[in-house]
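Please go over the structures that come below.
There are two complexes below, and they share chain A, which is joined by chain B in the first and by chain C in the second.
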Partner chain A sequence: MADVSPSKSLIKGVIKLTLFLGVGFAVLFILNKVLSAPTEDGYRFFPVIGSRVWVWIIAQLHLNFAAFVLGVPIFAVSMEFMSWRRNDERLDRIAYDFTKLFTLAYTLTAAVGTILMISLPVLYPKFIDHLMKILGPTWWVYVLVMYIETLVCYYYFYSWKQMKGSKKGTHVAIGGLLNIMGITMLLITSSWVGYMTTPNPHGVSETGELINRWQAIKSYMWIPLSLHRLFANVVFGAGIAAAYAAYRFITAETDEQRAYYDWMGYTSAMISIGFSLILPGIGYLLGVEIYSFNEQMGIQLMGGFFAWLWVMQAILIGAILMFVNYYLWISLNKMPGGERYFKYVKYLFIVNLLGYAVWLTPHSIALSLEEARRMGAYHPVLGSLGVMASKNTAVVVSYMATFLSFTIFKISNKEPIVSWAKLGHTIRAAVIVLSTAAAIAIGIYSYMVTSAVRVKVLSPIQFGIFFLSIIILFVLDTMMYKGAIVIGEPRWGKMPERSQYALIGITVTFTWLMAMMGYMRSGGRQFWHVYGIVKDTSPDAYLPTHGYAAVVSSIVTVIFFALIGLLFWSIMKLEKVADKGGAQT
Partner chain B sequence: MKGGVLKLLTVVVGLNIFFAYIGLYFLPQSESRPPKETKIEKGISQDDLIAVGEQIVFSKGQCMVCHPVKTEVGMRAPAISTIGVEMEKSAKERNMKFESYVFEALVNPSAYIQKGFENMMPPIHKPPTSLNDGELIAVAAYLQSRGAKVSVSYPESVPVLKEQIDIEAKKGGK
Partner chain C sequence: MMKIYPIIAAIGLLITVVSVLKKSPFFNFLGLLTLIYGLLKSVGLITAPFPAQVMTMYMAMSVFSLFIYFSIQESTFEALLEPVRAVLADDNKRILRVLIVFIALPLFAGYLTFDKVKPNYEPPVSARIVHPEPVSSIEFRGKPITIIGLENPLRKDAANMAGNLEAGKKIYYQNCFYCHGDDLDGRGHLALGFNPVPPPFRGTDTIAQLPESFVFWRIAKGWRGLPAGSTPWNSAMPSFEDLLTEDEIWKVTLFIYEATGNKPRS
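After this line comes the complex of A and B, so read on.
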């Protein structure tokens, strides 16, 4: 499959993209001619499921694929860079495999993107006209960047083998360019969503007239949303790569394949979880910007109609952490010396379970915040556990426990030789105990202060302590285990099959979480296309029940995995064809 | 191998069914519909005006997102149950007519912030809340009724309300 010459690949890329855009514009033109005119307030209706659900599914699918093709290159190129500097063939292979994944996923991304490009102007012509009036030029820049990105991507993948050796540095630089293009596309698309959700009053008037285009682009949530998406894309992309590795592990025919895909699964999952640690912090920044734009929207998102979906989010992230911990605990079996750490697993499990329980405790069992407020009281115990003070504490403690699961896995096959090893172990224990105690103490103190102090001062300190302690632990272990005696190399591939379902579980849960959070972000606008400026007057201008949103999220996730499964299967088919071709020559 | 793939599919589909099940059966089910505009009849009685105001405070106005009913530790905004008394006190301190002060709090809230709270209340005659004159007067009546004498009425209070809206418009607030 990689036998296409780099120059031919460029032609292939241009033809493909032009074909998609051409088909998109042609279908759009025909539908506008054939379909009846939109309603007076600018709507057409999609049959059976309605316009909103149709656009919801297609937009989320496109976002999933886009997240994947923008996220994976970040760590694929980083790995290629490391393989080049360290001359590590295994790292080069995994970087190549990651690249193969996202290059082939481009076609699916473009196909779903074309459907979205047709659907929006056909179903919501008036709203899209408004968007074009305000942000039109950014769309044309987007198309241009998309062409450049596709060309760079195809060249990057198809020139991999030719540019090995002396040209490796140039090849890594091409990968860097690919990421710059990806980030530019992300910034452009985030500006559209940012405008719709938190329009800048310096950019557009209350009646929807353009005042200043740059200010319209520069909405409140533009940069924090872009950052959040950037890191979430890495988490998601690595998760899909882990799912691919799990799929290949399960379908592997040789021990060599099992060993390689076990390692790929582990590496991808750890990249995913490692980057996910940054997300609460950036999510916090995003929240601050939403509050700055409009307190009501912020509170409505955090504690109003959507309050229960945060409980759902807790269920999902808690499940992800449980899957990760379970995977790491099973992984101890393949580490020579890992059995020495089995005794800690039950404690880590208890801490995770307690954290999980607090995290998913709702503030009230009333239907809504308004109802709880009318009742004027919360449950005497659950009421105290259901607030931000306890939840932030539970999150920090759960993350700390997960980090320890990772740490014991990493050090389980080593024995430190430094003279201060005993002191090092004591310092590690002290850091863990003190940081956990500090997080809990701050959590308790948070009940006694105003919301402003809690949100702006104590919560950042709590998360700051967590990050500081994991940095200290990381540095400490790096120093302590330098030159350590290795009891034995990890027995890659010697993993029970159930460990791979845990990897799949992480990715499925994360995909579902993305679908739900995407709905919340979009739902934050309530009955507005552009918050406070363009009203949604369609029959769909209401927020559906949480159950309805959950069913749509599940449908999107199942369709996405069906398409991703198809992609994995095609890759295996193409590899087999390439192998046969190789054998004949 | 085929058994493995089948199990894998089961995990994917099973988790999605599980999450949808939680959403359907463990979370409360209600829709959030766009609020309807309330038309206030001329000469509406004070009791009816207060009742309409209460309805708006607990629904369309979205006031309860920030304001608790009773005083709570760490509350974001003043408690509704005693807000009439508090507003009357503040109006006296600022040498303002009670009626004007209440309207100012609704349409130009950043003009005066109660001690211990932050400047976070949006003017509710503007999008996204967009209450009309009658609705604003009804809300004012309900707020006054929480511990103080109600002095607003419809349509008599409209000029006082407009005066506060004009002040807010002149300062060019968001």
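After this line comes the complex of A and C, so read on.
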């Protein structure tokens, strides 16, 4: 499917993007002429579901696709880089498959983006006028970067086969440029969201007058949000790739295909989970910035109305961790020697189950009058488990158990040959026991200190111990298993189908989580388009119930996966055409 | 009624042990679920029982997680599904199938329907929001006070600390202890007249989580001053603005932190 010449692909890219923009502007122009004038407050109303829900769905869908096409190139290029350095054809193939995925996804991203580009100015003209007044020039930079990115993307994909061998380095560099463009896009769009939620008082006055454009771009949330999105996009993109591999595994017709897609699914899932370890830390940073901007918004999001969504988040993250562990445990079946480690699985399961229970225990509980009477202000047990001291501990211990599941999978088919192997096993056990004991001790001690000490000192130490431990374990195992005897190669493809559903489960849960947390971040503005500056005076200026928000988020997730299914189907169809010798896209 | 739960837990344990000996993952699964249910419900014998919402969450999590655990190895997974498949397809299990489909399931559906539609005179379950977001500023007896970043001015007055604490104690027992209790544990003699009951000041999850400015605002404005977002609020806290001076509110705030060994959040 990549038989189009690189130069022709560039023309194709320019035409496609110009077409989308042209159609977008033309429809916008026509709608503005045809539709009745906006209300005095500056609104038009979308039929049946209302403007808010329409924009909500389209914006979230666009964000999902954008996350995908920004996240996947990062690890596709990383894979290509590794394949180039190690001269590994299999890595090159997986990188190419990922590239195929995101190149096709660009079209869907642009299509949904065009609908959003039309919807916002038509339905919210006054607000968009304000946004253009403050951040207008960034929009034009965005369009420029979008053109460059699309051209680079098309060139990168369509030049793959021509730029093998001596030109591989240049091809990897083009991939690097693609990622730079992607990150620039992310910075620009995050500046818009950052401005709406945490506007910088040095950038814009309370009455909405521009003071300094750079300061308006540089809102409190800008960098933490960009970082959070950057890493979350890799997690998400890798998750979608894992789901794709899982789908291909389930529908595979040969053992060779099954083996390849099993490996692809494993690689993608591990990248996804590996990057997700960083997210709580960056999320913490984002929370700090929100609190610094406005304490009310911070409390509303963390402990007030939105506290209930954190319980939902806990349920979903706990499920993801369970799915990940399940996938790794089930993978032991395909490792020669893996059966030796099954005896540890039940302990890891118990640790994960207890961690999950603590992690999802709510602090705010829905109560009947009778229950409230019996319980008092806080439940004696749940009250202690519902606070951050116990939750941080639970998540650290669960992540440690997950890391151990990964470790036993990795070492299960190997026997170390180094003379100090016994000592190495002892050190590993000591690191695990001591770090877990330290995390639990810090968790208990956290109840006895002021919240400032807990937030600023103990929690970072707790996470620090966890990260330090996994680095030590990683380095130790790398040294210990260098040149190890391999009992047998992994039997790639020898996995039951249900393991693949776990991979799909991880990705669906991630997407659901993104939709719900995205709603929460946006809902933090309450009845403001731009917090404290441009009031939302539409009939939708209220916070919907969590049930309603969960339904909308779920619908977005279903639509997204329907479109992703379409994408997967298109790729498979194109491959079949290519196999038959057609090969033109 | 409560005493039945340890028996349920014991039955669950028995099923688990026997199923392990008999190597039956299906009954092991059911036994463990029964054991977990019995143990969680037995908490009510020692302290306040877990609310229904939490029970539902824990049990759903247990079903999900146990299903994960029992499907790791092919042989266990097959053995787990075997009784289900047998009931659905085995000709020898026809009577059991008929019993389940035509008796047990309709009865269960009927019970659920009855439980849903039967008259209920209890007030509806309420979802409580623990921390309202503080306001930026308030007007206290006509004087504007910025709440965000506000600190207790009496903390700097070390020389008069003992006197201020003593005054705070007096104010507390004249105004607050009726609801918040003479031991500041939220169990005053009027406490059970309210829903939710007043929060305790002891422990680490109420005032220890808050800056003093928050406590000042809550005492000054009471439920009337709660923010417009997240309404309706469930609070009976009176507004003390008309009863206490600014200085008196700071004194009583100082006292409740001191008396409970808590430190305000900075």
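A few points about this structure:
We take it that the second predicted complex is superposed on the first by the 569 of 585 C-alpha atoms of A that agree within 3 Å, B and C clash if a C-alpha of one lies under 4 Å from a C-alpha of the other, contacts with A are read in each partner's own complex, and residues count from 1 in each chain.
Note that in this section a contact is a pair of C-beta atoms (placed from the backbone, for glycine too) under 8 Å apart; a residue touches a chain by one contact, two chains touch by 3 or more.
Fair warning: this is a prediction, and the values are worked out from it, not measured in the lab.
After overlaying the two complexes on the shared chain, residue contacts for A:8 are found with neither chain B nor chain C.
In the superposition on chain A, contact of A:326 is made with chain C only, not with chain B. In the superposition on chain A, A:345 makes contact with chain C only, not with chain B.
Contacts of A:573 after superposition: neither chain B nor chain C is touched. With both structures placed on the common chain, the touch criterion links A:318 to chain C but leaves chain B unconnected. Touch criterion met: A:496 reaches chain C, while chain B stays clear of it. In the overlay built on the shared chain, the residue A:561 is in contact with chain B alone; chain C does not reach it.
In the superposition on chain A, A:356 contacts chain C only, with no contact to chain B. Applying the stated contact rule after C-alpha superposition, one finds that A:164 touches neither chain B nor chain C. Overlap of the chain B and chain C contact sets on chain A: residues 295-297, 299-300, 303-305, 308, 315, 366-370, 373-374, 376, 447-448, 450-452, 526, 543. Contact residues of chain A toward chain B in the complex are 201, 206, 246-247, 250-251, 253, 291, 294-297, 299-300, 303-305, 308-309, 311-312, 315-316, 366-370, 373-374, 376, 447-452, 454, 497, 500-501, 504-505, 508-509, 512, 526-528, 531-533, 536, 541-547, 549-551, 553-554, 557-558, 561, 565. Here chain C touches chain A in the complex through residues 43, 47-54, 57-58, 61-62, 64-65, 68-69, 71-74, 77, 122-136, 148, 186-187, 192, 195-200, 203-206, 208-209, 227, 229-230, 262-266, going by the rule given at the top.
Touching chain C in their complex are the following residues of chain A: 295-300, 302-305, 307-308, 315, 318-319, 322-323, 325-326, 329-330, 333, 342, 345-346, 349, 352-353, 356-357, 360-384, 386-387, 389, 447-448, 450-452, 496, 498, 526, 543. Listing the residues of chain B that touch chain A in their complex gives 1, 4-5, 7-9, 11-13, 15-17, 19-20, 22-25, 27-34, 58-59, 62, 64-70, 73-76, 116, 118, 120-122, 126-129, 174.
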